[in-house]
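Let me give you the structure first, and then I'll get to my questions.
So that you can tell them apart, the chains are marked A, B and C in the order they are listed, and the count of residues begins at 1 in each.
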Amino acid sequence: MSAAPMLEIIDVTAGFGAVTVLHGVSMVVPAGSIAGVFGLNGAGKSVTMKTIGGVVPVRSGRVLLDGEDVTTLSPEQRVARGMGHVPQGRQVFPGLSVEDNLRLGAYTLRRRRRARYAASLERTYSQFPVLRERRHQLAGTMSGGQQASLSVARALINEPRLILVDEPSAGLSPVAQLELRAVLEVVRQTGVTMVLVEQNVAFGLSLVDTAHLLQTGRVVHSAPVASLDNDTLATHLGIGRVLAGATGSALLARKRGTS
Amino acid sequence: MPHRPRRPAQRHRRAAALLGLAALSVVAACSSAPAPDVLSAPRSTPLGTAVVGAQGQPVLDATAPAGSAAPTGPATGPGVPTGAATSSVGPTGRPSASAAVQAGAGTRAPAATVAGGGTTPASGGGTAAAAAGPAPARSTLFTAGEDSIGITPTSLRMCAHAALTYGKAFNTDTDDLNVFWTALNAESNGINGRKVEVTYENDNYSPDTAVQAATTCVSKKIFMLLGGIGFDQIPAVRNYVERSHTLYLHHSATVEGSAGQRYSFSELPTVERLGEGFAQLAASKFRGKRIGIIERDSANWKPGVTAFKAAAARYGLTVVADVAVPASAGNYTGPITTMKNANVDVVWIWLNALESTQVIKQMKAQLYSPNIMAFPFNLTTQTLGDDALGPPLDGVAMYPAYSRGDYSGTFASYADDMKQFEGQYARYRPNADLSGAGGDLLFLNWTAQKALAVQLALCGKDCTRNRFVDVLTGYRGTPTSSACPIDFPGSDGYRGANQVTFMSSYRAPGGAVNWRETRKCVAP
Amino acid sequence: MGQVLLLGLIQAGIYALFAVGIVFVYRATRVLTFAGGEIGTASLYVAALVSTRAGLPWGVGALAAVTSAVLLGAAFEFLLVRRAVDADPVVLSILTVGLALTLLSVETLAFGSSPQGLAPPFRGGVELAGIVLSPTMIASLVVAAALGLGLQSALRRTDFGLGILAAAEDPAAVRLVGVPLARIRLVVWSASAGPAAVAALLVEPTVGFVTPGYASTLYLGGLVAAVLGGLTSLSGAVIGAVVLGLTESVAQRLFGDAGIPNLNYVVDLMLLLLALVGRNALPGLVAWIYPPPPAAPTSTPVAEEIPA
C-alpha cells in the first residue's frame, strides 16, 4: 500500500441553494481499506458521497484522490482518474444488455488502455459468474440482487482505485443482502479502496475497517471498527439501545473475524 | 397578401383642388343642377347608368375623363394629381374629349372619381340643390355610440388583417403597403381633411389567427376592419364582426355562411363567382377539351368547384378528373398522375399561388404540359420562368394585371394608375421591388386602396360608419381605371362586384414572365 | 396497380427521410422533435445561397447545407437544451416547436417567402408506369434506410452510441461511469440535425423549390410514420413510412373521386388508431427485422435524503 491516503476530504462544506448540509467534513481513507460512513437520515451521508463523486460542488474545502486535488473536476473526469461508483439504487441501464452495461462501465478504460478491456471483462465475468450467464440479457429484466452485482461489476471493470458504494443494501431482501455481502467481499479482495455509505449500520459495520459517524453534517467520530463499542455508536449516532443488540453482534462477529 | 377592394382614389394637386373647388362652387351657385358638369357625366355611358348616391344625388361619374388623359410627364410627376383630376378641373371645368378616347382597348371607359377637394363640392353641390346641412344616414347598422369610432375631423383609422408572413417575402412590409395612404396624407391632406391611418395585423393565413388579428385590430378603435386575401380566414372573421358590430370590408370569400350577416361587405367577386369565371374561361378557350381539377381540400374553397361544375355543365364542358389535396401537400405526383391517366387537356388548379407554382413545376418534371388555368400571380410565372410559357398559362382574377413599365396592349387602359403607383413608390418607397414577384401584389393592394379612398371621400365631411354604409350600398361605378365596375344597388347589397378578368402569361419587355389581361371585366 | 405502388413509395421515401431523424432524436433524448422540417428548410436556403447564387456545384451546396444544419443543432443544444436539462421531455418538445417557428421567421425575413430555386444534382429521370422518377425520388427510400441502418449501428456498436442510449434512460448514472454527458447531449442534437438536412436535400427536388415552411405538411407525415413504426426503432421508422405512403396512395386511388374531405388525414388517423389498438401488431412486424428494446422495468433509485 502506498503511503498517501487514497482519499482525503479536508474540511468540506456543501449544500443546496441556501441550505448548507455539510459543515466542514473531514475524512482520511487509506489505500486498500474500506471506510464506512454512517448516520441517520438527514445527517449528510448522501451529500458526502456526492461531493466525493463531484456531482455536488464543494463550497469550501478540498477533495484529494491519491494525493491529487480533484476538487474542481467533474464526475466524468474523476472517473477517468480512477474513481468508480456503485450508485444508490444500483442504476443499471435497463434497456442495455449486461455486456453493454459492462462495456459502458469500462468507457474510460477502453479509451485510455483499450487492450486491457478484454482481460478486464474476462476477470469481471470470473468474479461474477451470474453475469456471464446472463451477458445478453437486458439489465432491466434482472432481479435486484443481480442488478446489484452488475452495478458493482460495472464499476470494477474500469479498474478504479477507489469505489464509492452508496447504500447498496437498500431495497434488497435479506437473501439478496447476503449475495451483496459476498460481492463486496470480492471487491475488498481486489485491493480496491472503498467508501461505503450505509443506512443499515449493522450491515455496514460488518464490512468496513473504519467507521466515520455523521451527525447533522459533521463527522463526530472516526475510528477503526474494532475500537467501537455499543455506547460510542449509540451516542454518536443517536440510535439508542434498541439497535444496540444487532450492532453488538455484528461487532462481536467482526472482532472474532467471522463476518 | 393584402388586398382591399376599394374605390379608386384621386389625387389632386392642391392648386387643382382649389381651382376645382372654386369652379365647382361657382357652377353650383349658378345653377340648380344637382352637380356640376364635371361630376355629372353624359348619360349615355358604356355602363349605361349614372352613379347615384344614397341621397339620390349623382356622386360619381362612371365615364369621367380617363385618368391617363394626360399622357405626358405631369401624370407621373411628383405630387401630380391623376390625369382625370387635371383634365376634369381644367380651365373649362369640362371633361376633355381626349380622355374619352383614351379608353384604350375600348371595352370600357376608364373611370375617374373625384375625391378630396372634388367631392366636397360634389356633396356640397348635391346638397346645395337638395337641402341645407347633412341629411341623416339611412343605415341604422351602428348605434350612436358606435357610429363615430375611429373617425375624427382630422383622422380616420382603419386596420387590416392580412397574411403578412407571406407578404414579407415580396419585400413588402407594412410601410410598403401604406404608400398610397402616405402619399394621400402628404400630398392631399388625406380625405376631407382626415389623415388616413392603416395598420396591419398578421393573420398568418389561418382562420384562428385571423380572428385574433381582427380582435387586435378592433381593440385599436378603428373605423373599419379590412380583410385581406384568404378564403379560409374571411368566413371566420365575418362571424366575429357580426358579434362585435364591426364594419368589415373584405376580399373574396364564399357566400356560404354569410346569410343574415349585416356587417360584412365585399367589392370583389365571391368564391362561387370565381369558380364560375374559370368555367367561362374554359368555355371561351377550351371548348371540347377534357378538363381536370386539382382543388384545395377545404370547405371554403369547395363552393368554387361546385360553381365551376354547374357552369361547366351549362356550357357543355367535360370534367373528367377531380382531385382534392390537403393544404401545402408538397408532393403532387399523385394528382398529376391522375390527370395524365385521364388524358386531361386542361388542368384547373384551384390552389393558392405557392401551391399552384409547385404543381406546375412538378408537372413539367413529369413531362406533362397540359393547358393550365390558375390564379394569376407574377410570383408563379416569375418562379417558373420559361415553364410558364410552354404553353402560356391562363388565369382568372379579381384584380388587375401588373407588369412594371409595360403600358402597352391591355395595360394601356389603366396605364395612368400604373404610372401613378410607380411614381408614388419612387417617392416614398424607392427600395420596393415593383418588378419582382411582389409587384403585382403591391399594385392590386394600391388600386384597392385608391378605390376605397374614393368611397371614403364620398362619405363627406360628416362621415360616420352609417353614412359610409350608405355610400357603399349605394355605390355603382368604376372607381379606378384598373378596376372593374362595382354595383351594390344591383346586387344583394353586400357583395357589390361580380366581374372577373381573364389573364394570360407572357414575356414582358424586361424578360420576366408576367401576366397580362386578355379580357377585362367579364360579367356572369 | 404499379402506379399506386410507385406513388406510394415516392411519398414513403419522403416520409422515411423525416421519420428516421425523428426516431433518432427520440431514442437519444425521449423528445419528440418538431423542428426537423424547418431545420432542413433552413439548411436548403444555405445550399441555395451557395449553389444557386454563388454558382458553386450542388455537392458543395449540399455539404454546406448539412454543415449548417449540424451547427444549428449544436447551437440549439448550447443555448436552449442545456438550460432545460432537468425538464420534462414534453417541455423540450415545445422548445423544438419554438425552434421551428423561429427558423420560419428568420427565413422569411432573410429571403422572403418567394420560392428559392435549388437546381437538383441530376436531371431527368426514369419513366416507369407512366411516372417520371427523378434520381432523388428513387434515392429517398434507399438513403433513408441506409441512414437508419447507419445510425442504428452507430448507436449500438460504438461506445459513444451506447453512451447516448444510456443517457436517454439515466443521464445521472451515465456520468458516474465516466461518459461525458455534456458532450453526449451536444453530439446528439448536432447529429440529429444532419438527417434533417439530408431529408430536405432529397425532398426538395421533388417539390420544386424552397419556401419557408414548405416541408411542414410532409414533416407531419414523417411524425405519423415514426409513431407507426413504434418510435424507438430506426428500421421501424422506414417501415412505418412505407405503410403510410402506400396506404395513402391506395386510399387516394380508391376514394379520391368520392369527395371525402381531408382524405389523407382520415387515413393517417385510422392508421394511428390501428397502431395504438393493435399495439403489438406493427411493432411485431418490426421485431421480425430488428428487435426493439422492450419496455423494461427500470431500477428505482432509493429516495433522496432530505438535507438537514
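To be clear about the criterion, a residue touches a chain if its C-beta (ideal position, glycine included) is under 8 Å from a C-beta of that chain, and two chains touch if they have at least 3 such contacts.
What you see is a predicted model, and the numbers here were worked out from it, not measured in a lab.
Here the chain at the heart of the structure, going by C-alpha means, is C. Using CA-based centroids throughout, the chain positioned farthest away from chain A is B.
Separation between the centroids of chain A and chain C, computed from CA atoms only, is 43 Å.
Annotation: 80 Å between the Cα-based centres of chain A and chain B.
Residue ranges of chain C in contact with chain A, taken from their complex: 159, 162-163, 165-166, 169-170, 172-181, 293-294, 296-302, 304-308.
Residue ranges of chain A in contact with chain C, taken from their complex: 15-16, 19, 21, 41-47, 53, 55, 74-76, 79-80, 85, 87-96, 100, 103-105, 107-108, 110-111, 138-141, 144, 147, 154-155, 158, 167, 170-171, 216-217.
Interface residues of chain B facing chain C in the complex, by the touch rule stated above, are 165-166, 168-171, 297, 299, 321-324, 326-331, 333-334, 337-338, 340-341, 354, 357-358, 361-362, 365-367, 379, 383, 436-438.
The residues of chain C lying in touch with chain B in their complex are 3, 7, 10-11, 14, 104, 108-109, 111-115, 117, 125, 127, 130-132, 134, 203, 206-209, 211-218, 249, 252, 256-257, 259, 261-265.
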